[in-house]
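For reference, the structures are reproduced in the following blocks.
Below, chain A partners chain B and then partners chain C, in two separate complexes.
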Partner chain A sequence: MAVQRTSVWKTIALYVGLTAAAIVVLFPFFWMVVTAFKEPGQAFSTELFPTGPTISNFKRVLGDFGFGRYFVNSVIVATTAAAFATLFASLAGYVFAKKQFFMRDRLFGLLLLSLMIPGMMYVVPQFAIITKLGWMNTYKAMIIPHLANVFGLFLMRQYMLTIPSELIEAAEMDGASERQVFTTIMVPLSIPIIATLFLLTFQFHWNNFLWQLIVTNVERLYTVPVGLAMFKSAHEELYTLKMAGSCISILPIAVLFFFAQRYFIEGMTMGAVKE
Partner chain B sequence: MSERGTGGGEARAGRSWSLTKHARDNLTAYTFLAPFLIIFLVFLVYPVVYSLYLAMHQVPADSFDVFGGLQFVGFKNFIKLFTDVKFWWSVAMTLYYAVLIIPAGIAASLTLALLLNNRLKAVAVYRSAFFLPYVLDMLVVGIVWTLIYSPHVGILVQFFESIGITAFTEKGFLGMPGSAMPSVVFANVLKGAGFGMILYLSAIQNISPSLYEAAEIDGATPWQRFTRITLPLVKPITFFMVIIGTISALNAFVEVYAMTSGGPNVDVGGRALGATWVTGYYVFDAFYNQWRLGYASAMSYVLLALTVIVSLVNRKFLGSDNT
Partner chain C sequence: MKRMTAIVCTLLLAGLVLWGCGGGGGDTSGTLTIWQTYNDEEHPVFKEMVARFEESHPGVTVEVVRLPFAGAEPKIQTALTTRTEPDIARVDVSFLPKLASKNALLALDEYVPAEYLADIFPVALQSCMYDGQLYGLPDQTNGLCLFYNREMFREAGLDPDTPPATWDELVSYGQRLTDKDEGIFGIGLTNSLWWSLPFFYTYGADLLSDDLMHCTLNTPEAIAAFQLKVDMFEEYGIEGGAWRAGGITGDVGFQNGRYAMILNGPWAVESLKRTGIDFGVGLIPAGPAGSHTNVGGNDLVVFKTSQHPELAAEFLMFVANEENQRNWALTLGQIPVNTKAMDAITSEEHPYLSTFVEQMQTAIPRPPTPFYPEIENLFIPEMQAALDGTKSVEDAINTAVGEVDKLLAGE
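Then we have the complex of A and B:
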């Protein structure tokens, strides 16, 4: 757009607009943090900053209400799942980008087609499969069914297509095995997309509330969102504690986003306009 | 896409042993694919088939052995579904959800993108701020909004009271049939706007500045420049926003679970129906609360059918416009 000479007034107006928009968009999170630091009795005071902020809410949810345990579960589930989902997607992305094989294009079409299926479709049959396998109330039930990340595979393939095939041919000429080609050429050259996919799958699994709710019914295995949902229905009125639990629930993703926002933004919007 | 180019290396690899090389290539390819494919087949393909099987069965009323005692009932679940007022209501609510979230989402995303499309120093900071809610958990966002929307003591109700509007005080924004769905959608739009914003922003930045310069010389007002240049040129993004808006309506669940549990009830011809009772929530309710696995499966099949129809319609639109 033509923005050669932005006048002072226009600049001010723009900053006012941007700031107003930011306040509206971020207000829920601001209010969550503020309420989490209030005394329970003050939960509904309209002061923008609590008088005498307290961390007792955090102490209580982490100690008395088991959020410490939930947090550990969430870390275990999200980290393991992200690591394997990223590994599987890079292995598969590599062959889709660089190999000719039987049914390749049809298979790829089928994979992309599956992206269309609504998530609710999977809830009942996946639950039935998990029950039949005897996996209810296990970490693997929370992790394994979502390790085939088709969108991730798509991102990997698109990225790896841009790596020159000559590099692979040269390495093969020098006698490198398939495994060596993958680990010494493809992986090092794909670090940005690997990091992106790891973050996206970590975020997905951290927020994968519905599935984690369905396959766990013992408190020892609750993840933070499941614990939060259970807490919500059991203690509807304990607002300050609920907000403290909410803070704990989104903190890791917010921190990751703070340090790696470029990866998040690019990864999430990359596949969108392509095709 | 350069699919053709990648196979060249193999083709040059000599004729005499091309068959063995071919077989070996397939073997390595499928070895690399194996972990992904196995999970894909077991947990993403098989369930779609299995779901149809479940849709043709039901858990007998007196049975606790959910999967051992499944009874074959043929198309009974589907037939029941088509005469289930609650189901058609849920389809209507899903549609209502879509009708609200699509224009609101487009307007919010486009506004943010236009604000950001200026050479200001702090643009990157604002861009991050707008995008941040998109990566955060819908469940948490929903729970926080229930606090903000709550009756009597919620901050929004108190704010409205301070400017003289007391209509929401008694029941809160989520407790009234008229405002419940718009409130759920509003929370979701604010959370998701950053995503559409990035798409619009990159589309707007791809528009050649000379177009605007020429329009300015011809005396076009800023509004004319927006409606005649910007809007038509970001149309592909707008179409995409319509698709994802529809899909998010068909998948709507967590926001409803967190904020309203499908309620509040409206009286429709003597029946109590939920003002936010979307199909995604009904599937969950039939499965998780009522334990009607077959019925929930049948419903999810209708959801799939709706999704396919929407995609086909969209593809038709996109196909004629995008190229």
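Then we have the complex of A and C:
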């Protein structure tokens, strides 16, 4: 009895604590939504619910500001980039995990070294290549430079190392081709990490601001983060519009997170433990 | 369709480059590209101005690219590495000396006649000078004034038509306006060098020496000026700690009736009107050296690689001419950069704007150093330390000045 009672109290305490933490974490999102429904002049008012809620911010963001277009651009760029980056990383990860070839581990180490270079360092050389190729103002420029993802390769390799090689040998003995080994053994067993990598790269591209701004000179190619930045000028910020834009901007991530939060969490702890 | 346009754009760009190799020549037709950072209200007015320029210049196309203010500088810097910058860009006044010092800009002295320059507001024009040469024309200038809540003045028994004229008055008004138990304060101040410059200037302190090699904010005047800012918080308790991390910022506090006074620029007038609060604008309270604001704003610059330098310069002169500036000022409530257009702003019809125009007459421009952003970054933490009491004002200022001197000496 006594033991049970303490555990009940513990559970209650736990839930109270977690609820408090959840409120702290969710409040900014709540405030974002509330502000999005306020009149421009009321952006800073502290009332919890706006007295006269308005949808004019959403109308303006989608109408005058063409956020629909930015949204479509972001979806195209983030989905394509995440899909291909994940595909390449899983192919390369498989090879680095399960195949023997000359200088394999040194090559892998060399690739890992490139992770030490801050991403900003690549901006200028990559931009120079893009202009030489004449890719300015194209989706290509927004997507292709980020498809080779060493972090993704690392993630895939580490995960695939934990898949027993015996499985592959058995499949090969049964006459499976290289392609079949990959598609019927490696991919199904790596689904958690593939999903994780897809989500992480999607999120990265969804939030990417500077690169997409640098390679586009036409508003119809701007993405959501660039569009959001438009609400801030030298001295003022159109907060209600910005919050309406932010509400739209978090939709895909929120939906993805809702259905795949398991993989987001795994992405955080993955690599923390190595078997 | 999208791809077609993209191809056309690329070809156009390539065409421009090839044309450039051919020698350009007579500058009466062609395409000018402009990267600009106008806000939501300014953008349509600017587009209309561009349309009128095109109308008066047959054969000329002006391609306007709108950039978010926050990303414009890195984008320009990246574009410069591959010579893909536009003909014209709109840049913050602090960015112009940096671009000029890197030899990216075209000197406009031979393109803009002296009699034209005579009409340009001197304080704004000065932001376009670097090393004795003209590297742009202003398209917007601004400074700070004192905003005060008339309703709160009334409640405290103060005259809502007379804002404090001196810092001493501001302190005594502030003491009457402050109600600490209610979380209401006389004033809310921002901590940065730029936002502190009115304090320094009204005490007669300068940011840099004339040769731009030394920081001169360690004079007794400068220290007294910053001491006043610190005292407002610590000694008199009339400042609400708006500068603190997580504090209620000046804008927010002013709109919610927590701060009775703030310093702000003309850009705040329209959005404050929308909130419906009863406010007035007065001059920066005078110190021993009078009432002075600092200067911000934007300039239009022409890049060295432009194939149409004359046309580009002509466009700059078009934007800053009397007619356009009058239209700009009256439509958007901003300070015109052309002195002839300033007459249109009367205190009867434009009570807020006319105060700003008056304040700008004694404004002190920033020294044309390419290091302004770095100087700002060196000052902010030291000023913060002085404000929160971890360092004495003298100590903090001397440390910052020492660091800035090292920076200016190229160490």
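Definition applied: the second predicted complex is superposed on the first by the 236 of 275 C-alpha atoms of A that agree within 3 Å, B and C clash if a C-alpha of one lies under 4 Å from a C-alpha of the other, contacts with A are read in each partner's own complex, and residues count from 1 in each chain.
Following the convention adopted for this analysis, a contact is a pair of C-beta atoms (placed from the backbone, for glycine too) under 8 Å apart; a residue touches a chain by one contact, two chains touch by 3 or more.
Because the structure is predicted, anything quoted here is derived from the model rather than measured.
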| item | value |
| --- | --- |
| First, second, both or neither for A:Phe182, with chain B first and chain C second | first |
| A:Val123 touches, of chain B and chain C: first, second, both or neither? | both |
| First (chain B), second (chain C), both or neither touched by A:Ala171 | neither |
| Partner chain in contact with A:Thr138 - chain B first, chain C second, else both or neither | second |
| Of chain B and chain C, the chain that contacts the larger number of chain A residues | B |
| Touching partner for A:Ser246 - first (chain B), second (chain C), both, neither | first |
| Touching partner for A:Ala229 - first (chain B), second (chain C), both, neither | both |
| Partner chain(s) touched by A:Ile214 [first = chain B, second = chain C, both, neither] | both |
| Partner chain(s) touched by A:Leu238 [first = chain B, second = chain C, both, neither] | second |
| Which superposed partner A:Thr46 touches (first chain B, second chain C, both, neither) | both |
| Interface residues of chain A shared between complexes with chain B and chain C | 44, 46, 123-124, 127-128, 131-132, 209-210, 214, 229, 232 |
| Complex contact set, residues of chain A against chain C | 39-42, 44-46, 64, 123-124, 127-128, 131-132, 134, 136-138, 209-210, 213-214, 217-220, 226, 229-236, 238, 241 |
| Contact footprint of chain A on chain B as seen in their complex | 1-3, 5-10, 25-26, 28-30, 32-33, 35-37, 39-40, 42-48, 50-51, 54, 66-67, 111-112, 115-120, 122, 126-141, 143-145, 147-148, 153-155, 158-159, 187, 190, 193-195, 198-199, 202-205, 207, 209, 212-213, 216, 236-237, 240, 247, 250-251, 253-254, 257-258, 279-280, 283-284, 287-288, 293, 296-297, 300-301, 303-304, 307-308, 311 |
| Chain A-facing residues of chain C, complex | 2, 5-6, 9-10, 13-14, 33, 35, 37-40, 42, 65-71, 74-75, 78-79, 81-82, 84, 92, 142, 251-252, 255-256, 265, 267-268, 271, 274-276, 296, 298 |
| Residue ranges of chain A touching chain B (in the complex, touch as defined) | 1-3, 6, 11, 14-15, 17-18, 21-22, 24-29, 31-32, 35, 43-44, 46, 84, 87-89, 91-92, 94-95, 97-102, 104-105, 111, 114, 116-129, 131-132, 144-148, 150, 153, 161, 165, 168-169, 178, 182, 203, 206-207, 209-210, 214, 225, 228-229, 232, 239, 242-243, 246, 249-250, 253-254, 257, 261, 264-265, 268-269, 272-273 |
